[in-house]
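Residue numbering begins at 1 within each chain, and the chains themselves are lettered A, B, C and D in the order written.
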Amino acid sequence: MKGTTKSDQKKESARVELFSDGVFAIAITLLVLDLIQILHPETEDDLLTVCLHHWQSFLAFFIGFTTILVCWINHHVAFEFIQKVDTKFMWVNGFLLFVVTLTPFPTAILAEYLQKESTVALAVFGFNYILISFAANGICTYAYNHQLVSDEDRVYFNSYRQIYRYGIYYTIVVFFICFISTWVAVFLYILLFAAFAAPKELTARLENLRTGKKSKSAINKAQQVDENENDLAGHTSNEMEQGS
Amino acid sequence: MKGTTKSDQKKESARVELFSDGVFAIAITLLVLDLIQILHPETEDDLLTVCLHHWQSFLAFFIGFTTILVCWINHHVAFEFIQKVDTKFMWVNGFLLFVVTLTPFPTAILAEYLQKESTVALAVFGFNYILISFAANGICTYAYNHQLVSDEDRVYFNSYRQIYRYGIYYTIVVFFICFISTWVAVFLYILLFAAFAAPKELTARLENLRTGKKSKSAINKAQQVDENENDLAGHTSNEMEQGS
Amino acid sequence: MKGTTKSDQKKESARVELFSDGVFAIAITLLVLDLIQILHPETEDDLLTVCLHHWQSFLAFFIGFTTILVCWINHHVAFEFIQKVDTKFMWVNGFLLFVVTLTPFPTAILAEYLQKESTVALAVFGFNYILISFAANGICTYAYNHQLVSDEDRVYFNSYRQIYRYGIYYTIVVFFICFISTWVAVFLYILLFAAFAAPKELTARLENLRTGKKSKSAINKAQQVDENENDLAGHTSNEMEQGS
Amino acid sequence: MKGTTKSDQKKESARVELFSDGVFAIAITLLVLDLIQILHPETEDDLLTVCLHHWQSFLAFFIGFTTILVCWINHHVAFEFIQKVDTKFMWVNGFLLFVVTLTPFPTAILAEYLQKESTVALAVFGFNYILISFAANGICTYAYNHQLVSDEDRVYFNSYRQIYRYGIYYTIVVFFICFISTWVAVFLYILLFAAFAAPKELTARLENLRTGKKSKSAINKAQQVDENENDLAGHTSNEMEQGS
């Protein structure tokens, strides 16, 4: 501690990152336990019948996995900018870990109740998304307000953290839509996934929308940084197919 | 090994930290497995009834999660000061890991027996807290007595480790109170959580109490170090709400 | 982020590696849970009878463990060359993690259905291998096409990634053979394991086959690098026995 | 890869270490799942009766935990000396991980069958110890024979790896004793634990025995290195009590 040099601070935030990574990795892998349970039925059905009969378990596994992976990718991007941590930040981050740790539970609800009570099952999962949005926004906003981000990144990080604020509004609206039409809600959740699958690209797109492509100077520097990555994201999808 | 330079020692303690982090992360995530089990009942109740009927499982999950997170934060702060490790220290640390690994068990007891035998269930969990206090005190005292802490941190670390000694007395007293009144015990445990949620701030506060705000010179240097963090902790809570 | 120096990029890929390692480690360890379940039968058989009666569970544990270990070793070798990551790469890597996370499920199927429906159980596991080959090929091809590999390694990495392309063809063919003869399929899978147990040596061998030992110049440099390792792999197996 | 500098090699062995740590951490934490299972009985017994009735589960948990912790400490010490890894070493290490991953299974056998068939249950656990000894000896011998240890550590590492060779003989003998008298076997296993709890001190003691305290020059340098640690281990146990 003594002088808490810059490298010490970095090490601190690295340990929080590591512990979080561990929690993400375990939560994402525990999902399979619920899938294995379908294999111990009392009935004498053959394997394919058992699997087909539990198609919701596979769907739930896929949804739960994607949810936690999207969370991890966003957490990962946020920690690229976060240079140091303090005690309160560990609690804000702890709230996100709480929600991530809890995620296998709504996933199991999906698997068990999707056919019987689809609306309630989806609403529970939707409520989980609201909590995730609040946690993600909390992390970014706390880091921004308490100077845990280095000075040169502040402008970009400010526009970056906006996407989680929008995320809160979005997930709350979809939560209520879910009681009107589950199918519309499902469609909107897929859109949500697609957007947050690549948080940096989403940030750039929303900035463009907001500034109306007029005064892009604010995020110009930030975009320059991500130029390579955006380039890749924009133009190379066919290159990939051809290459494989 | 050869010359065991300073960076080698640091690497050593880093590996103990990493392994401990892994154990913390897994223990905290395994808690959800007990929650998922409530979803496979023989009854034909609907989802909300099942969830409401098992409210103790949710409470136990929350308590277990918070317990392990508080342990992790305190472990994390202690390892900021610990510069090297020896074989015996790995066993002292191993005792803490033993208690942490065991924690999902009293958590499951809470979930299962909170209604039927609330006093015994709470006492088991309270006993777990006594063990944690002993383990935390053991780690800090061993590190202090065997010069595993760098010289410039010794004075501060000495006042830091006191909080775990007080923790032992406190948890033992509350353990017995628990047999007189569960509600008073619950209240005192919440106080305990709140105090150890921010171990550095707790250390500073206890130092102030002990020295009667007269001879603060001893921990002056230490406080200087944590100035930023204490500042944040003290004045910026409303800033945060406003920012989010 | 700012200038995203080389060390920053390396740190990025290191974190993806770490998270992946966590998922591998958990998936490989969860396999034992299925093994433990055979110990809670309703029957009053003695221990040895129970164990012998569930020999497929032990076999499945062994197969599942080896599968994930081979995946980890190959992942490990690929990441020796990968210097940086982008958002899309995290999704390609995420697909591999998805398949690895799923692996305990076909393993449990093997344990449960190997006697009752050996062909279907093996086919499910074989399908898992096809997915793994696609994922491994996807990671290497994406990294190659998007310059995530350093320039000096490109030539070697190109011949390295070929083994996963061959892997796709191989696993698809064996998948269909499995419906004709399970025993031939099992034999071919053992060959597959043996080959991918040491991916660098496999690369060198396939290169030699393809070039007909004529124009070996292309991979010469690469082989020079691995000289020590190939030496070890080639000549020292008897040395080891003698030493132990 | 290109020039595979020394720091690259170190990074390689660090990743193997990390993955192994993950497996150790998970295996040690999964043990609690078997403990939680005793809480879901069909009977209406109260909590203390349930716990007392399953005292073997607690004993098994304690034994399993200590076993894996001892393995981890020994693995940790061995990797202090191992500077680089090759493909075959990953398989030798993989065999140790296989045994560690398997350990929760004999632990569950202890919990379930200790009363009904104590000899067989203990023999299964003893067989596990034989496998662990073989794996530990395999790792050290392979690392020694293939120059994965730096030159200045070779002499010390050679005497270090001897303890695992003795471990093989010891565990095989105790395995057979177990069929004659379980109590003698249990006593000998406790001795084994105590010895391998501090592998460096054990090495020093065995060296002294072998050389008859005459020609200690060979390990002199090595002991010098560990002087601090041996000092601590030797003289400060009462200091610790006094300090806590």
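Some notes on this structure:
Keep in mind that, in the parts below, a residue touches a chain if its C-beta (ideal position, glycine included) is under 8 Å from a C-beta of that chain, and two chains touch if they have at least 3 such contacts.
Because the structure is predicted, anything quoted here is derived from the model rather than measured.
Among the other chains, C has the CA centre that is most remote from the centre of chain B.
Because chain A and chain C share one sequence, their contact can be compared position by position; here under half of the interface residue numbers appear on both sides.
Centres computed as Cα averages put chain A at a distance of 39 Å from chain D.
Averaged C-alpha coordinates give centres for chain A and chain B that are 28 Å from one another. Taken residue by residue, chain D touches two or more other chains at 18, 22, 25-26, 30, 33, whereas all remaining positions touch fewer.
For chain B in complex with chain A, the residues that touch the partner chain are 17-18, 21-22, 24-26, 28-33, 35-36, 39-40, 46-48, 61, 65, 69, 72-73, 76, 80-81, 150, 152-153, 156, 197-201, 225-226, 228-229, 232-233, 236, 239-240, 243-244.
Of all residues in chain A, those touching chain B in their complex are 1-4, 12, 15-16, 18-19, 22-23, 25-27, 30, 33-34, 37, 86-88, 90-91, 94, 97-98, 101-102, 104-105, 108-109, 112-113, 116-117, 120-121, 124, 137-138, 141-142, 144-146.
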